[in-house]
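Look at the two complexes coming up: chain A is in both, with chain B in one and chain C in the other.
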Partner chain A sequence: MSDAVQMKIRDFIIENFLFGDDSQPLPGDLSLMENDLVDSTGILELVSFLEEGFGLKVADADIVPANLDSIDRIAAFIERKKAA
Partner chain B sequence: MCGIAGFFGSGVLPDAAPALLQRLAGTLGHRGPDEKGTHAAPGIGLAHARLSVVGLADGQQPMADASGDLVISYNGEIFNYVELRERLQARGRRFSTGSDTEVILHLYDEMGTACLDELNGDFAFALWDARRRSLWLARDRMGVRPLYYTDIGGTLFFASEVKALMQVQGFAAELDPVALDQVFTLWAPIAPRTAFKGVSELPPGHMMIAQEHERMVRPWWRLEFPRDGEFETPADPVGELGALLEDATHIRLRADVPVGAYLSGGLDSSLITALAARLAPGRLETFSVGFRSAEHDESRWQAEVAERLGVANHRVSCGEEEIVADFPDIVAHAECPVLRTAPAPLYRLAGLVRDNGMKVALTGEGADEVFAGYDIFREAAMRRFCARQPGSARRPLLFQRLYPYLPQLQRQSADYLAHFFSAGTDELTDPLFSHRPRFRSTAAAKLFYSPALKDALGTYDAAADLTAQLPEEFGRWHPLNQAQYLETRFLLPGYILSSQGDRVMMAHGVEGRFPFLDHRVVAFAAGLHPNLKLRGLKEKFILKEVARGLVPNSIVSRPKQPYRAPDSQAFSVPAARPVVDAALSDGALAEAGLFNAGMVEKLKCKALNGRATSFKDNTAFMGVLSTQFWHRTFVADQPRRTKTG
Partner chain C sequence: MRIENHLRRSCLLHAGKTAIVDGARRVSYAELSDASDGLAAWLAENGVCRGDRVVVFAGNGWQTAVVFYAVWKAGAVACPVNPSTRAKRLAFIIADCLPAAIVADARGAATVADALAANPQARPAVILTRPHPRLPEAADFAQCLETGPFSTDPALCDSDLATIIYTSGSTGDPKGVMMGHDNIDAATASIISYLGNGENDVILDVLPLSFGYGLTQLLTSVRVGATLVLEKSFAYPAAVLQRMHEEGVTGFPMVPSMIALLLRMEALDPALFAGLRYITSAAAPLPVAHIRRLRALLPDVQLYSMYGQTECVRATWLPPDDIDLRPASTGIAIPGTAIQVVDEAGHEVAPGTVGELVVSGPHIMRGYWNNAVATEEALRPDPLTGTRRLHTGDLFFADGDGHVTFVSRKDDIIKTGGFKVAPREVESALYDLEGVVEALVVGMPDPVLGEALKAMIVASADTLTAEDVLRHCARMLNDFMVPRQVEFCQALPKTGSGKLSRRLASGGGTTP
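And then the complex of A and B:
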């Protein structure tokens, strides 16, 4: 899993969901839901970012916390999708 | 409908009182454009701005009784004044006017403050009793009419709107950070707290008695529900409710000017329109607002109801440009930050009423609280259903059916839906269970607080504060009734009847009347078994039964469409840029000191590009923008900015 991918995801989350506030640590396994970083409507912004930023096609069935609820999970999801 | 104001205490010198009272009445001129009046005596002053609706020729205020000892400045309507006057006359009371105001003077003379129980109406008034040297302030049960007060140097000042209090020397507006935090959690301050530090609101169903330096505030009416399991259903609840609603509408048609009705195209306003069309003399005139965006527009339904009921419907259209243009004025009228633009179309609608030469309108407001129409009631029921089988792969998918008008939810997995609606994770015994997801998602907008605001708030918890103010018997009520109480006791007066009601209507000198909030209807509905209101996931069950045969079946059976307006999306039009840039400039944000300028800049860019669509972004943008408008109107632009002592 490349650091560049992790960095890109982290930057997106800080810019888009934290509005530039990088004062708090954002570990790779931090739950985005549990920490109110994304809400029910914001999750689709994340999906758009993955589709546009990484050229992925995200199916509805892919939109589950197991794939998208932390930086680590998102990075792993991208890797799996690209390998498929 | 009118505006009232005044003072009690020695802080206003006798020779200064007339000019002050004139200024107070003048500031409330939009509420009462027809006449102004004042009454002053040592230590007491009453002001009145009148919208003449009942007793056009002889209802001037402030009004004194025959002895001159009792003087009242009164805002509102007593809808059962005809029956009350007949009873008083039968007991030998002589009336010199045809107004409902005089009824209160006679009733008070006979019964003292207990006379409030006799009144069926929406009111806020100040009654000076020279014999007891006491000032009595009272406000209606549901909080339709506003009343604020503050103490400056030992003198009590009161008014229908805070902007009148700003005329008092020594008053300086300052935002109450706790009230702001309540708005950013609960959507409205918890009365008596207001957005203005040091200014209190007389809560709905409360009164104050002021004597010398003593101020006693106490409730005179409470919203109550039976204990869970102790419901007593009447033999014919549908028939009984139908008769109650007919009478509630009938007495609200009493006026010496024509009365119209709002028509949204939904069940509630259609039912009131149907009842009023049968009862009103002549052809009823109705008023509707339409949206240019299809997802918000209900014009088709409005036209259908108007045609079927034979009413003369007037229509105004509202879009992004109108919302942007009106929003700063709306915040100035509301006197409180708001998290939605929903007051804006209603502001246009009230203007339409006035433009058509009318000043009284019936509306369907209150039905969603009283008969459990809001989605939040169904949502809470679904969350309880999910909690019974945690981890179910299918149950959380029901949330998609609950919100078909939110396309973002339609792609969500059961796991996400379960989480976002806290299905299975919130404690079922939590008094705020029904509202936790809303409060939690709203509070996410606090991300934008400045460090100074965070410091000022410390560990303050608005939801815990709300919980602490619930009545002792709350825990013994059915879950639906608990949720109804939270809506009816807090959000209804704090936001719906205020920012979306009285304030936007009175901005145009239009009086709203709400048959569903007749206290007899409220008490009847509170006593019903919950499944007569929310049956399974069908909202307003009993009200639909009443409506059958009165309004078109297509309206009774159509899926509920909640009243919504474009929020942050409205500010993505080019015309919004200068408005938003000015309100959210670094300088304006620094002066208010409430929000993190760097983060707000990013939020602004997102909103101007139409991308602030998530619940959090949308709420935050509207909350920050309206707070900045509030600060500019009441603090930054004020010429006299001395601190109160």
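And then the complex of A and C:
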């Protein structure tokens, strides 16, 4: 998967969920929920970001941690969606 | 009884039983008791004295539950702050309550650093669940739990303050609601009695522990020796419902925006709710249309429609057998307390007349921390008996049987063209329109009308148009209540506790 996609997701998370605080490492496999990086409003923001930023259609059934709970998972989800 | 003694008693009766479930972590009553003893000992050793404030800035997790009981064991006052709070508001709270200690989780650490930088005079001890480079002197939470032994101060009593929870005033700065151990003891006993909670309950808490309604779940669950399943949020509804099913959850406290999210799901399997005994709804009025749909979807689940505010925890409940009969009502006073609908002079009004709801009983707050003016405004004597009553600032009417129905916040009334409009009434009509998931009605400045109504809508389908909405409203409402403008939104602004916020929607403030 492309580094550009990962970077775009990372920037979104730092800007929107960490309020620009990039002092902490943000590994690709870090759970966003377990680490209190996103809440329910955050997920809706993330879904809008994926729909608008990547032109995806995200269904209710797609909104699960397996698809969205880390930068790696989001990137893989985007790749799967684009391939489909 | 003091709140930490509820834990001590449940620990004696159910030491090995699971008190808290947090992801894969299961914490028994004995562990919760020991861990809070350890942290209480650390707090005492580090200068936290009886009556000192401790800010709890952490999301829903077992550690947060430990912190509350530790603070109370140490004789201190817990000040929970929603973990999504921005530094500016946290700085205000720190300056207002001058905490002796702050406990924060990974997400909150940077915000604590910012808030402390803005408050150089405040020197609280800081405890973090994970180290943060900007707070190098902070103590490590896990190590604090190893402190011991702990000895109770015999001077602690039921009338000590237990919590200060900051709420958004309709105007101005947040106000710190002071609750004594006796207030919370009374409120939780009353709630347990009408929900029929017992040790066999498994309660799912996705509401923030920093929010009165979310914290109450921990307090009632521990008090009856039940199991509390903590979830960080309702962000992944499908995953939370699966969890609910796996854990055999019997009680699910919700807020109307969560119910809206639930009803929005395409394929909801009622089998997931098989073990569920009850759902409660509070924090904002539940639209009647949503009550009907939820009842149709889950006919065997008792639905409790309730009303409360931080200042009294809970004020009213509607017995679930009545909900189909009077779906718009939030019911009667909770057991052991009293409510009245009163006029401006504080005298009770006749049934059917709109007035302010006032609450009396052992559960009402002591007042607002450090704010005598606001306290005097909220807690006023009954002109007949002198009993101190909480003025809720919410307008209700009562029917002949004493059931009350919410009309509006006193200050939400929109005046348009000389007419007074309660935005909720228009929102209620909007919810009756198919495809409307969430709706808020706000007043916009208008050169002719003073204020004109704007409807902000989250729709489930792109096909819903502004014309559809206006046509529907014109059918349902008086002319002056039909919105002038319709705006479709991805999401509507919510307060930190998840309530739809008319104030934020109308641009009257920032997210708390």
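One rule holds in what follows: the second predicted complex is superposed on the first by the 84 of 84 C-alpha atoms of A that agree within 3 Å, B and C clash if a C-alpha of one lies under 4 Å from a C-alpha of the other, contacts with A are read in each partner's own complex, and residues count from 1 in each chain.
Rule of thumb we're sticking to: a residue touches a chain if its C-beta (ideal position, glycine included) is under 8 Å from a C-beta of that chain, and two chains touch if they have at least 3 such contacts.
What you see is a predicted model, and the numbers here were worked out from it, not measured in a lab.
Once the two complexes are laid over each other on the shared chain, residue contacts for A:44 go to chain B and to chain C alike. Looking at the shared chain after the overlay, A:2 reaches neither chain B nor chain C.
In the superposed pair of complexes, A:33 makes contact with chain B and with chain C alike.
By the touch criterion defined above, A:63 lies against chain B and chain C together after alignment on the C-alpha atoms of chain A.
Residues 18-19, 21, 33, 36, 38-45, 60-61, 63-65 of chain A lie in contact with chain B in one complex and with chain C in the other. Residues 15, 18-21, 33, 36, 38-45, 47, 60-61, 63-66 of chain A are the ones that touch chain B when the two sit in their complex.
By the touch rule above, chain A contacts chain C in their complex via residues 18-19, 21, 23-24, 33-45, 48, 59-61, 63-65, 68.
The touching residues of chain B, when paired with chain A in their complex, are 406, 408-409, 411-413, 415-417, 419-421, 440-441, 444, 447-448, 596, 598-600, 602-603, 611, 613-617.
Taken together, the chain C residues at the contact with chain A in this complex read 23, 58-59, 83-84, 86, 105-108, 110-111, 132-134, 232-239, 261, 264-267, 490-491, 494, 498.
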